[in-house]
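In order of appearance the chains are A, B, C and D, and numbering begins at 1 in each one.
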Amino acid sequence: MNILAIGDVVGSIGCNFLRSHLPAVKKMKGIDLVIANGENSADGNGLTPASVHHLFDSGVDVITSGNHSFRRRESYDLYDSCPALLRPANFPSSAPGKGFEVIDLGRIQVGVLNLIGVVYMESMESPFDAADRILSAGVPKITLVDFHAEATGEKRSLAYYLDGRVTAVFGTHTHVQTADETILPGGTGYLSDLGMTGPIQSVLGVKPELIIQKMRTKMPVRFDLADGDCRIDGAVFSIDEKTGKTISIERLQIL
Amino acid sequence: MNILAIGDVVGSIGCNFLRSHLPAVKKMKGIDLVIANGENSADGNGLTPASVHHLFDSGVDVITSGNHSFRRRESYDLYDSCPALLRPANFPSSAPGKGFEVIDLGRIQVGVLNLIGVVYMESMESPFDAADRILSAGVPKITLVDFHAEATGEKRSLAYYLDGRVTAVFGTHTHVQTADETILPGGTGYLSDLGMTGPIQSVLGVKPELIIQKMRTKMPVRFDLADGDCRIDGAVFSIDEKTGKTISIERLQIL
Amino acid sequence: MNILAIGDVVGSIGCNFLRSHLPAVKKMKGIDLVIANGENSADGNGLTPASVHHLFDSGVDVITSGNHSFRRRESYDLYDSCPALLRPANFPSSAPGKGFEVIDLGRIQVGVLNLIGVVYMESMESPFDAADRILSAGVPKITLVDFHAEATGEKRSLAYYLDGRVTAVFGTHTHVQTADETILPGGTGYLSDLGMTGPIQSVLGVKPELIIQKMRTKMPVRFDLADGDCRIDGAVFSIDEKTGKTISIERLQIL
Amino acid sequence: MNILAIGDVVGSIGCNFLRSHLPAVKKMKGIDLVIANGENSADGNGLTPASVHHLFDSGVDVITSGNHSFRRRESYDLYDSCPALLRPANFPSSAPGKGFEVIDLGRIQVGVLNLIGVVYMESMESPFDAADRILSAGVPKITLVDFHAEATGEKRSLAYYLDGRVTAVFGTHTHVQTADETILPGGTGYLSDLGMTGPIQSVLGVKPELIIQKMRTKMPVRFDLADGDCRIDGAVFSIDEKTGKTISIERLQIL
């Protein structure tokens, strides 16, 4: 089976671009399931009922998130009402929602696990421990992990730690796609970062001049999203349904 | 002309692999100049006279570095004696060496500027200010920048800031190649990270089990380099000598 | 002469408490000049025209600030129009205002220098370099430094670096007064942190339950100021006008 | 009863000074139990069998530690063999030793809990959660907490969180004593930091010129301990044995 994972969708501009291209991509690549990171899907960051429903209505099956999961108060109820909207599993247990869900595709079940890194980010339960906790409770043979993290060292470490125990580990958060897709020795597919879905001429989705201004002046700057042409960054994981291993990974950059 | 930039070369295993493949790569790709980040070229990290001379003898023309520039005391003199060994220009001026050099290729001159990031890294002179300072003093029409930095936001920002003012900006430090190569609107070639030259089955060059152990136990762990098959990560910037703009970028992963 | 330095004044509750007690303190301690850190003087953090004028009208002669200097857009003009309102001198030069001012007391002049730390804080010009830059341009014999910084190591280092070159170095930013007041070997008075002026039963001025909630849940929490009884934290530096050295330091905690 | 808590003892110079003064201090203040943070007690940082036994032989009853607990491999066995040597309880459970111990004084039992912060430090189990976990398992009526942490906000938050549930919370790690000793509303004694036991003319125990050199040059510098006169920083918590509450706190600075 083929699972498409899509990097952080940024704003309504990114959501709209995704909507207009996703059906064709799914058809062309024979996609059985779509996972997208939606933590920046609302204009102004975070996610809202509107942005979440827009993503689901566009053909996304599972929405993962990250450090911006709870930026918008109007999204909190969604985490409990939408089983396919995840926040990192290693957030405190008091947080709304959950970090793992099994999607029932009828003939097959797919687990999706969302974790967040702790290097250069806030302190949380160890993502290694959280993964152990959830995997030891039993997960489907086909289970993928969105590891929302900054440091390549932490990302690659977790992937090796889970190698042979999950189908694939892919990273999100940096908004830049990496080119290190690989099948690890134990059969787990891996890519350090899927990249971003949003405006091409941008710094992580934001107008470049605003981030430059912030970095140069150290003054508060409102981060307005860039406009212009968009891209979809993601990857297709082709999976052996009998073994739950990844057979191949194809990175996508749809301009 | 074609300039090959090579991501952080890790240890003698990485240096040896580079030596065995660089001549063929240079020939095949018609390379006029080779820049390599050597901050991890010594076994045990940093760089030494042996690792620096090994890289130069292998066909590297300019060695850049980063946060590990001064890890080894035996390397300090090298920065003053080897004009083509650079440390980030935005280190304090008291540091040995310099961050910018012009390489005279006879018919043409090429500037190489080494900068280091300040996001999730030590506080330094702003890389934006340092770039302005050096560019305003006058640089060759063809000038490339190795921006040794962690955060994709800082890397892309600096690239947009220098767009149209330098030939290319490429990143190093994360040891993972990114797939966002592009020609920015002003003609500057850009890639967020070149990647790493060293053992494939590794976390940034180190044995995965050691980094996992460190991350899980929070205990001190000696980071021994991995062994096994190696890779060279880098990119070829094809440059219009008349305009100093980048015409195309080809990412390389030589396994 | 006696100079009173007052730790971060928090909100209107802190400003009002300061106003009600400052005249008596000045009289009792024979204060010639009052310096107060005002970076949190506005309700909702930062400073505003109202909070700045309130502090000046209460008898504060010089207002210093820190990482919250520019949190409120309505304060930007103040930095240019009020000579005695300072922001850290090692902010980028593009920032409004300046970080050093000489106060003319008629018979004597007093320099006040505001610097910000770079350890566990944003990257800025080195506070060591900024201090050198400003001191080398010539400052009055009596010059005091508000070093707004987090790490005790950075604070004490800068104090030793400036020992004998300035009258006193005191820290702000942690909102907790330290008990390490001392005259350094070169005659410079030093205290790592002045503390806070604001509600006693609080975490840095904020209601404890809100910070606890933030730390435990990792969810966004609005930081409302605590109320109840207040305190003024500060220190009186008694200075030898002939030498510009500090003779003694008396820590104050006015409840 | 009176419990003396002593801030980070630095090197053999600090250990020796402590040894020469502790008997008199215990006698003069009527001390029933001595807790000292020993994470820097070995020359070269961390702790060793020699430094640990030196502290115990000097009259220290419980040794706590922190981010340097495991810097020296030769200390690992000590954590299992010495019941009164603690490392932070919120280290991963794989770490040697434990973070909580009950000291049996015959007529009364005293619990000592060691925790480490996660703000500006490595990610660990939440100290709030770890405290809940240990307190809910049952602790003596008299239980004190050494919270080894950097940020004043985190320190004060944990103290308010544990107010009424433990006898006292004191901080270590910054090596600078704070002046905010207080009895919180629920009866818990609190001081943000005990300070340091070691050479007075130093930056956290180290020769000032070395830390200055490190901060100014960003080059590696070996941190040799300072020498000269020493100090003991600590605090005496006077405790009501019937209620387990703190009656009063006296800060000590023995020069």
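We take it that contacts are C-beta pairs under 8 Å (C-beta built on N, C-alpha and C of every residue); 3 or more make two chains touch, one makes a residue touch a chain.
It should be emphasised that the depicted structure is a prediction, and the values quoted were computed from it without experimental measurement.
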item: Chain hops separating chain D from chain C, counting only touching neighbours; value: 1
item: Chain A on chain D, rotation in degrees - Cα superposition, rounded to nearest 5; value: 180
item: Residue-number overlap at the chain A/chain B interface, same or different (half cut); value: same
item: Whole-Å gap between the CA centroids of chain A and chain D; value: 42
item: Whole-Å separation of chain centres (CA-atom averages), chain A against chain B; value: 29
item: Centre distance in Å when chain A and chain C are each reduced to the mean of their C-alpha atoms; value: 44
item: Chain D residues counted as touching two or more neighbouring chains; value: 92, 122, 124, 126, 129, 216
item: Overall pattern in which the protein chains touch one another (line/ring/star/complete/other); value: complete
item: Residue ranges of chain B touching chain A (in the complex, touch as defined); value: 120, 126, 128-129, 150-154, 156-157, 160-161, 174-180, 185, 192-193, 195, 201, 203-204, 208-209, 211-212, 215-216, 251, 253
item: Parts of chain B lying in touch with chain C, wherever the complex brings them together; value: 92, 118-119, 122-126
item: Sites on chain B touched by chain D in the complex; value: 70-71, 73, 91-92, 94-95, 122, 124, 216-220
